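Chains: A, B, C, D, E and F, in written order; residue numbering restarts at 1 for each.
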Amino acid sequence: MRPSGRQPEQTREIQLIRDYTRHAEGSVLVAFGDTQVLCNASVEAGVPRWLRGKGQGWVTAEYGMLPRATHTRGAREAARGKQGGRTLEIQRLIGRALRASVNLRKLGEFTITVDCDVIQADGGTRTASITGGCVALVDAIRHLQREKLIKGDPFKQLVSSVSVGVYKGTPVVDLDYPEDSAADTDMNVVMTEGGGLIEVQGTAEAAAFSRAELDTMLDLAEGAGAELFARQREALGIRA
Amino acid sequence: MRPSGRQPEQTREIQLIRDYTRHAEGSVLVAFGDTQVLCNASVEAGVPRWLRGKGQGWVTAEYGMLPRATHTRGAREAARGKQGGRTLEIQRLIGRALRASVNLRKLGEFTITVDCDVIQADGGTRTASITGGCVALVDAIRHLQREKLIKGDPFKQLVSSVSVGVYKGTPVVDLDYPEDSAADTDMNVVMTEGGGLIEVQGTAEAAAFSRAELDTMLDLAEGAGAELFARQREALGIRA
Amino acid sequence: MRPSGRQPEQTREIQLIRDYTRHAEGSVLVAFGDTQVLCNASVEAGVPRWLRGKGQGWVTAEYGMLPRATHTRGAREAARGKQGGRTLEIQRLIGRALRASVNLRKLGEFTITVDCDVIQADGGTRTASITGGCVALVDAIRHLQREKLIKGDPFKQLVSSVSVGVYKGTPVVDLDYPEDSAADTDMNVVMTEGGGLIEVQGTAEAAAFSRAELDTMLDLAEGAGAELFARQREALGIRA
Amino acid sequence: MRPSGRQPEQTREIQLIRDYTRHAEGSVLVAFGDTQVLCNASVEAGVPRWLRGKGQGWVTAEYGMLPRATHTRGAREAARGKQGGRTLEIQRLIGRALRASVNLRKLGEFTITVDCDVIQADGGTRTASITGGCVALVDAIRHLQREKLIKGDPFKQLVSSVSVGVYKGTPVVDLDYPEDSAADTDMNVVMTEGGGLIEVQGTAEAAAFSRAELDTMLDLAEGAGAELFARQREALGIRA
Amino acid sequence: MRPSGRQPEQTREIQLIRDYTRHAEGSVLVAFGDTQVLCNASVEAGVPRWLRGKGQGWVTAEYGMLPRATHTRGAREAARGKQGGRTLEIQRLIGRALRASVNLRKLGEFTITVDCDVIQADGGTRTASITGGCVALVDAIRHLQREKLIKGDPFKQLVSSVSVGVYKGTPVVDLDYPEDSAADTDMNVVMTEGGGLIEVQGTAEAAAFSRAELDTMLDLAEGAGAELFARQREALGIRA
Amino acid sequence: MRPSGRQPEQTREIQLIRDYTRHAEGSVLVAFGDTQVLCNASVEAGVPRWLRGKGQGWVTAEYGMLPRATHTRGAREAARGKQGGRTLEIQRLIGRALRASVNLRKLGEFTITVDCDVIQADGGTRTASITGGCVALVDAIRHLQREKLIKGDPFKQLVSSVSVGVYKGTPVVDLDYPEDSAADTDMNVVMTEGGGLIEVQGTAEAAAFSRAELDTMLDLAEGAGAELFARQREALGIRA
């Protein structure tokens, strides 16, 4: 039995609120249950130095957690003077995932930075960030098109993400914090609408996991993906 | 004429939403018009090293701005590896202001940290932070009392803050960003309900200001204070 | 009774020694009693990146305290790896104050950096820094004129600063350390010769202060200003 | 055809040289072809603060790359003043993987730090680090037993790691740098001798990968695992 | 011919002004001609962690240069966020040199930190720092004795330092900046009154130097030492 | 009697293995007995900003120590966030020494960086780094010539280095760690083949040393130099 009473294959309530703040070219508040992340996509002319003159754009992400997004207050990374390893690892993952949504050549020499800031955490902040960040990214691309700053459409495909794990021996999807902190295995899956895999990151927390368990978890992720892509399309007004 | 069409003595719409997130002992979203700041007050047992064994508590504040709270994206301070001078100056001001609300002796050896994170900026983020942070602080103190962690009541008085300035020759209150960026003089005032002054920080941006202008600005701040204290009491369910 | 035996409206002995070191374009040792600050103004061609091509110059300040300028040794900021919040706040104040002395358009694309390094501290280091820094700044401007690097005169007006506060219930001017550490209210005022105000920063350390106390303190500052401007003019050989 | 002429299921030559340096309690030079990593396991009494008094030990890893381990010189992280995101991500992975080898309760209050420093890089430095680091870790545990610092045997199981990927459409194992930089998909797998999975980290570099490709890649990793565990047992003098 | 007109064996005018500032237990302004360094010796109870419980004290030094001590302004190390290699090298040298003056066992568990801050630089700042720092150190020791914080006398011997070099083919002593920046060889020598050597640091800037040149330079340093020790004894009121 | 049984004038076994790793333009493993340092010389087009357009090249060095190169594990400098004073001092010494080998004008606008990373430490890591680094530097220069990137020969002379010291009253050469940690005096000498001195850095650890002892130590260094230059020439295939 899951602490929340959910079925193993049941995600939390997913919300995607567009235009959440007014300055960003794309601004989405994503909620996976009590996990809330503000995803702001910012468009800037130019690309990082190492990409200059290559005729392509860049998509990157930064991740942060408000100090009291969690049960106990965490030290502010700006005050500690550096981003922790977990933060860097997560923002690298988000960036890679979101780049799978975009044809960088068609983006032209623009950089889109997607800031994912966790307002409230209850497990799954990186998967929510990817799912919400992708919607913000689409809005930023639409802004570029509307402003006629680019020709053509650099948008390739929607990308979404969900966690799966083995909790008390049962594979379950979209773990909340009580499940996440007690799970034997924890896996984050990033998917495309067409059923392709972008990232699979599985970690045995206690005992090793088997190929069979891996398969069951991937099935769960695939099932949840249908729900996530529906929510993204709905938010963006895209037909399936 | 103010860009927003407001009268010189008219503040923006002030909102104070308590229990905005679920983990913090006090959590308030404060809005001064389009300026939105999340103020989370966290209670931790113990005090900083230099206060240990002195039989008193501590109240402090930290301030941050989400990278895209502003018109153009600002670099993330955690990524740059340090908090800027403006950030440090603001959080020192908020901390001093909030300590005027509390009898630190009666607080006992607890530290309350008030994190003020700007979700959306449109001028006046420090005054909104103080005004909202004070409400979050009261909730954190109530938590300590409810949990019977302290005896007595360390709460002394409400504290609120508003900006005043001279915009195109006219003294006005609660400047928004278009006014703030064009003002000749900019002053932040922190007040108590009884009409006392906690902080007065006036800066001539272009020409010097006169004693007469200072007086007019303080009158405006005092007037706005009535409104701010009413909103704080209303939010907290305190009678005047 | 003040610890030093001074009258409430009496400043400490003010000294301004020009050409104190030999490399800087302006070099002034300023003493407010036992508080001694070396103010070196350095001229450099060019302006910060964000000002380039705007046809104007820049004036900025940096502030530091020798580790043993104070009663007990403070950690060296260079060794700790960052400037503290107090340091950044003070140098931002000094910079803003000194810019009120200069017409940046007439300065041309030069940057003048005024380094204020505290040799010995006894209260009022920031007000001494502004008062002495302004004299060093004038010398740096004269250097630019003498070397025919600029045409016209970017100097606008003298700026000086003094602290006022409420010590044991009595408003006093130019607080020394024993007063400063015991004062109920502490205010730093930056003024122009014409009686204008550039900065007013008042802080209630213990109890709030009233409008009436604020007025008395501003009167005291104004009175001390006459003395400070006389010393600046005298040092610079300017007639009143 | 692979650039090295290897078969898809063929690893590079694997070497594990124990006692490579003389100070560390476990010191192993591991080579996966031209990739060479020095893995030094250091035993220190005590555990990190957050584990004190819990009656268990700790195993952690740090990872570094000599500046000229790669084709072009990379900046020295010590000189840049921080470890990059890639470094932190890799050392977190190595640490998690190695902890799967050890019963931390039986380790007692000792910390074993495994430093993995890349002498020469040609792809697969993290998988070599885990495979070699595990052997160094076993030597460090044997040291604790030999010195009678612990009773019982905290060693649980060997852990090894290999990369798999899709290179020009063909799934291959143990990618070298030319393959790695051109691969469509790149996956690192950490395994136990019993066939269990500890970590699976797959990333689509260009196109998404399918469940079928994932399965083929895991088969390849499993096959290489047999070779890796044989080399580890051989180096340590353990019978299968 | 030396730029200053001095003879090869002639030092600049040496001044040692004690009690230069009022807070430090030892405070000496040392001048070697136009090079001026403020040396403040601070006494603190306790020793660094690695010396605790060993029944001995510690003497250490920190070195800094005011940003405009030099011809052109140097970046403030506190603002850059770290001390440069040159600074660290110099303060390590000063610390080692000064420890030769003291019997650390007899000092007891006190730390004396000698801060050497360069007010004005004209070559030889490290040798002036050692020479002046030693006098400040003696004053700090006397303070400990006067306050009866220690028994016995930890002072062992005076230590002084001077630079020597080969300038346009001629060995000279106590190089000023014009000589220093043009010298073929530059050597700093730290000596005891008894003719012993504490540090010899010679560097060929252009061509290598010979054993014969080294000998001549050491003779020059020895000659200057007589002058330096006389000045130190004179300042401290010690008979030869 | 030396702990190793060596004669006072006897160096440890010196090894210089060229082409130790495959990416660097010059790669030498140098061993002075158990002290092993990997010296990689990297060629990069361009020079530091302050040398641009001056028609010359640059040679610099960086130094690092693997965390477990020593008896007890040292903190990783990259993780601590800065290079220590000892590291910076050593790499500045190595850089100066190696520049004595090269005619920077003839090098053209190339930078050669020599990374000296200590794999195993047993005293004398800086002298081994210079001796091995010089061989790597020669290989890097040969690479530039072979690739016809420069005309002419920027190589001037071989440079080598050895430590000397007074151990239990006897001057000895090439101190290993047990000698180094107990020596009264420690001196590092950098020499040219022609008998010239590049650097002499002598430090009294306990008692001061005399001119006579200095002379004896320099004689020992000169004697060892013959051996070191022979090994360098042998490794490089240069006739005496």
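The definition used in the following text is that contacts are C-beta pairs under 8 Å (C-beta built on N, C-alpha and C of every residue); 3 or more make two chains touch, one makes a residue touch a chain.
The chain lineup, named per UniProt: A, B, C, D, E, F = Ribonuclease PH.
Just so it is clear, the structure is predicted and the values come from calculations on it, not from any experiment.
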Labels of chains that are neighbours to subunit A (Ribonuclease PH) and to subunit E (Ribonuclease PH): none
Least step count from subunit A (Ribonuclease PH) to subunit C (Ribonuclease PH), where 1 means the two chains touch: 2
Rotation angle superposing subunit B (Ribonuclease PH) onto its copy subunit E (Ribonuclease PH) by C-alpha atoms, nearest 5 degrees: 120
Centre-of-Cα separation between subunit D (Ribonuclease PH) and subunit C (Ribonuclease PH), whole angstrom: 59
Separation of subunit E (Ribonuclease PH) from subunit F (Ribonuclease PH), taking each centre as the mean of its C-alpha atoms, in whole Å: 28
In subunit A (Ribonuclease PH), residues with contacts to at least two other chains: 81-82
Going round from subunit D (Ribonuclease PH), first to subunit F (Ribonuclease PH): chain order: D, F, E, C, B, A
In the complex with subunit A (Ribonuclease PH), residue positions of subunit B (Ribonuclease PH) that touch it: 21-24, 27, 34, 36, 38, 40, 42, 44, 62, 64, 66-73, 76-83, 87, 113, 115, 117, 119-120
Interfacial residue positions of subunit C (Ribonuclease PH) with respect to subunit B (Ribonuclease PH) in the complex: 82, 84-86, 88-89, 91-92, 96, 100, 187, 191-192, 194-204, 207-211, 214, 218
